[in-house]
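The following pair of complexes shares a single chain, chain A, combined with chain B in the former and chain C in the latter.
Moving on, here comes the complex of A and B:
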């Protein structure tokens, strides 16, 4: 268990700036997920922590100690690779034992054949075997120890890769999209198992993924990375409820957040298309803004029913049935893209294509972003300001 | 084809027409594969069979009569001192050339792969001997091995190492020919190992670095060497077969001498068959030669294959 301190790390490959001055501190025992689309630099950052890549500038500290000059093995980190990187010619037991073999045996004892004859080798070997067996049992792969990776399924290989990381009891686990090669069902199951593993081991996990569901479900904190910059580092719910900027709001959440152009009028209310939305929670100067509404924040308004402060009317263009919920796409005059509302299937069943609908949203569930795309903080608190980075 | 059709006949309906279709399909199969099968027998298997049959006769090239003499040729072979000498020489040659050229090729591949500058130049330069005609290059080597003006002895003399007349000294001649064999084999081995090295996934080295195997030796032992297994099997097998076939340097530079010190199987075969025109005896030699190549190749593949992981 150790903290990781990343300060102003930058990395350029050729002409491309992959990381632009990224600072991030990861606490002891935390499960931090780096999430972002492919090519955003998240894997590069992970590899810099591991020591597989050297940053152009900036510094990395593990447990308060600068590690920039240290090779991977001296950083006490373990890594699970996207395609597992198991040694195909070794058995599962040999794969898992290698990190211990490399650490506990002297160079002489590691020599082929001769090493076995040296004094002291046997008890160390027995200790390694015992620990490998113990970890294998905890991952329920002890019956596979004598097999080779080619004889294993994807899920089993994934466990072996985890096991190889676990045997050493490293201070930090680095995981590079470890679930991306598994099928959908196994991914859901393994998600839970990795989260449980984190609770059990109490070690620091740094987890890289492009899958926001993985990021939301497993992490204690999520770091959203876009185009080489960290946009927001916060607990999952906060990332969702209070995205720091338009990019984060657009990246996190499926279906995507609805965006509406707005102008602030003289009295502080927002003019959205042909309607006026009073948004008392923000104090906004006159100018252009973008409003964000999560699909589930919409509630359908009936004619003659409750009148919402913020409403938007349109024509139903498409209805997606998902079983537990229904997505209603409704076109609004003046907007190019239809808006999406997530409604109860009972409500969805009453709607037909081309129906005229009106959806309302309560003002406090409307996200306000300024012309630069930054979130406009709420009036009642300096909400989450300290958490927003960049 | 026939199997599939036969299974179909178990279907109750229309089984008769399926049967007729199967016969037609079988016929079509033979007609279509006929030319290839005929050519294969004519060009590949036929000559080999002819040599085997010939080895049981007393035929000499141009003779009017041919008689079946059973294993007499093989009996004579067993008592032929030249045969045992050439067999021993061939095995010594193979045992010298194969390991040295395989490891030199591997070493060069590793060096080229680890550096960044002039890769293309090194690759081309080391590969050059493979493309050159050994017969022509033998001229250069004849000069290089010349006892007084040759560059090899000149160099050795300059450094103070005792010299010898490499191609005339019975103790050194086979060794000298082996050097030429290695010179020629290294290039191809290097290229094959380079291809093998390219196929090693990068993340295995990274996993090894994190696991603690990050020194040059440990990287080689834990990742490179095992991952090169398939390439190694191929390189060793092909180098061994080519070394078994050593002939041109012997024919041009030493003619089997001095005092049979460099007579190899193929050279003896050539002498018996084309100089003494004892075709049947040469055929028996060929059979033994083929048997040896097959046996050694099989042993190698068995030994190496078991320890080899194929991706």
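Moving on, here comes the complex of A and C:
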């Protein structure tokens, strides 16, 4: 268990800046997920932590000690790769034993044949075998120890890769999209297993993925990385409920957040297309804003029903049935893209294509972003909630 | 290829195409195999039958024992063959020792001038071995190594082709395998021998077969640097034999040639599967 301190790390490959001054501190025993689209620099950052890549500037500390000059093997980190990176001609047991063999045997003892004859080799070998066996049992792969990677399924290879990382008890586990080569069903199952593994080992996990579901379900904190910059580092629910900027809001959440252009009027209310939305939770200066509404925040309003503070009317263009929920795409005059509302299937069943619909959203569920795309902070979350209840 | 070419045609045309293809292949095989078959056939015949007007592949009188025993006793043919094994083994070992680390550095390490060095390797492929022959000869003479095993072995110890072939193969090995090894505590040379070498076994075997065939058959260089009979390589030995017999005793001569060719054929047959895997270049599935 160790903390990782990344300060102002930058990296360029040729002309492209892959990382621009990234700072991040990862606490002991934390499960931190770096999430972002491919090419955003998350894997490069992981490799810099591992020592496989050297940063152009900035510093990395592990457990408070600068490690920039240390080679990968002396950083006490283990990594699980997307393609597992198992040594193809070694058995599962040999794959898992290699990190221990390299650390516990001298160069002479590692020699084939001759090494066995040297004094002291046998007890060390027995110790290694016992530890490999123990880890293999904990991952339920002990029956595969004599096989080669080519004879294993994707899920089994993934476990062997985990086992090889676990066997030397590293302070930090680095995982580079370990689930992306698994099929959907196995991915869900392994997700749970990795989260359990983290709880059991108590080690620090740094997990890289482009899959926001993995990021949301497994992590204690999520770091959203876009084009070489860290946009937000926060617990998953906070990332979803209070995205720091438009880019994060747009990246996290499926279907994507609905975005509406708005202007602040003299009385502080927001003019959204042809409607007026009072949003008392923010104190906004005059100017252009973008409002974000998550698809599930919309509730359908019936003619003659209760009047919502913030409403938007449109024409139903498309209805997607997902079983547990229904996605209603409705076109609004003045917007190029239709808006998406996630509704109960019972409600969805009453709607037809080309119906005129009105959806409402409660003001506190509207995200407000300024002209630079930054989130406009709430006046005071607590005070606002009391006012809403009162 | 053939599937593509014959797709969408009528069965009759496909059959005709297939027959044509086989005819071409058959003709090529006969042309290639003919001399070998003839060589083996003559090595089994008596002198009278070799020059007999009527030709048959199968000998009427079995003369193999006489021809082969003559081939092995007239000249120290066994010695030549052992020399051949010793020399090719030394050369291949040295070539592998140089080629693997070089190829690893060229394929997987990032350093200044890497591409320039690789261009030099490619240029090296273009230089025929006869070009540096005279400078090398003078060099060996100056260090007093002429007429030794070293004179045959040393100039071949670095194979540009080997470096090139292994480099191309290493390019297909995923970086993550090397990253994993570095994290597991394997040093750079350890990566070459423990990780890359076993992964590249098919390519190395392919290169081994090629290197073995080249150096076993090499005639020009050993002829230049070796005078002593006890150092002769198999092709030199066959020539010695032909000279000693004035080139007329074809039975034993062909027996000697067969004995000298046999190791090549056996080596190729043994390594055939790996050889094909090696030249088709797939490292890690």
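Everything below uses one rule, namely that the second predicted complex is superposed on the first by the 380 of 390 C-alpha atoms of A that agree within 3 Å, B and C clash if a C-alpha of one lies under 4 Å from a C-alpha of the other, contacts with A are read in each partner's own complex, and residues count from 1 in each chain.
In this text, a contact is a pair of C-beta atoms (placed from the backbone, for glycine too) under 8 Å apart; a residue touches a chain by one contact, two chains touch by 3 or more.
Model, not experiment: these values are computed from the prediction.
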For this session: Look at where chain B and chain C land on chain A after superposing the complexes, then choose clash or fit.
Result: clash
Exercise. Who does A:148 touch here: chain B (first), chain C (second), both, or neither?
Worked result: first
Exercise. Touching A:71 in the superposition: chain B (first), chain C (second), both, neither?
Worked result: both
Exercise. Can A:201 be said to touch chain B (first), chain C (second), both, or neither?
Worked result: neither
For this session: Give one of first, second, both or neither to describe whether A:79 is in contact with chain B, with chain C, with both, or with none.
Result: both
Problem set entry | Where chain A meets both chain C and chain B, residue numbers | 50-52, 71-73, 77-79, 81, 83, 85-90, 98-99, 102-103, 150, 164
Problem set entry | Residues of chain B that touch chain A when the two form their complex | 201, 203-204, 206-214, 218, 221-223, 226-227, 229, 309, 311
For this session: Could you pull out which chain A residues touch chain B in their complex?
Result: 50-52, 71-73, 77-79, 81, 83, 85-90, 98-99, 102-103, 110, 112, 148, 150, 164
Exercise. What does chain C use to touch chain A in their complex?
Worked result: 174, 176-177, 179-186, 190, 195, 198-199, 201, 284-285
Exercise. If you look only at chain A, which of its residues touch chain C in the complex?
Worked result: 47, 50-52, 71-73, 77-79, 81-83, 85-90, 98-99, 102-103, 150, 164, 176
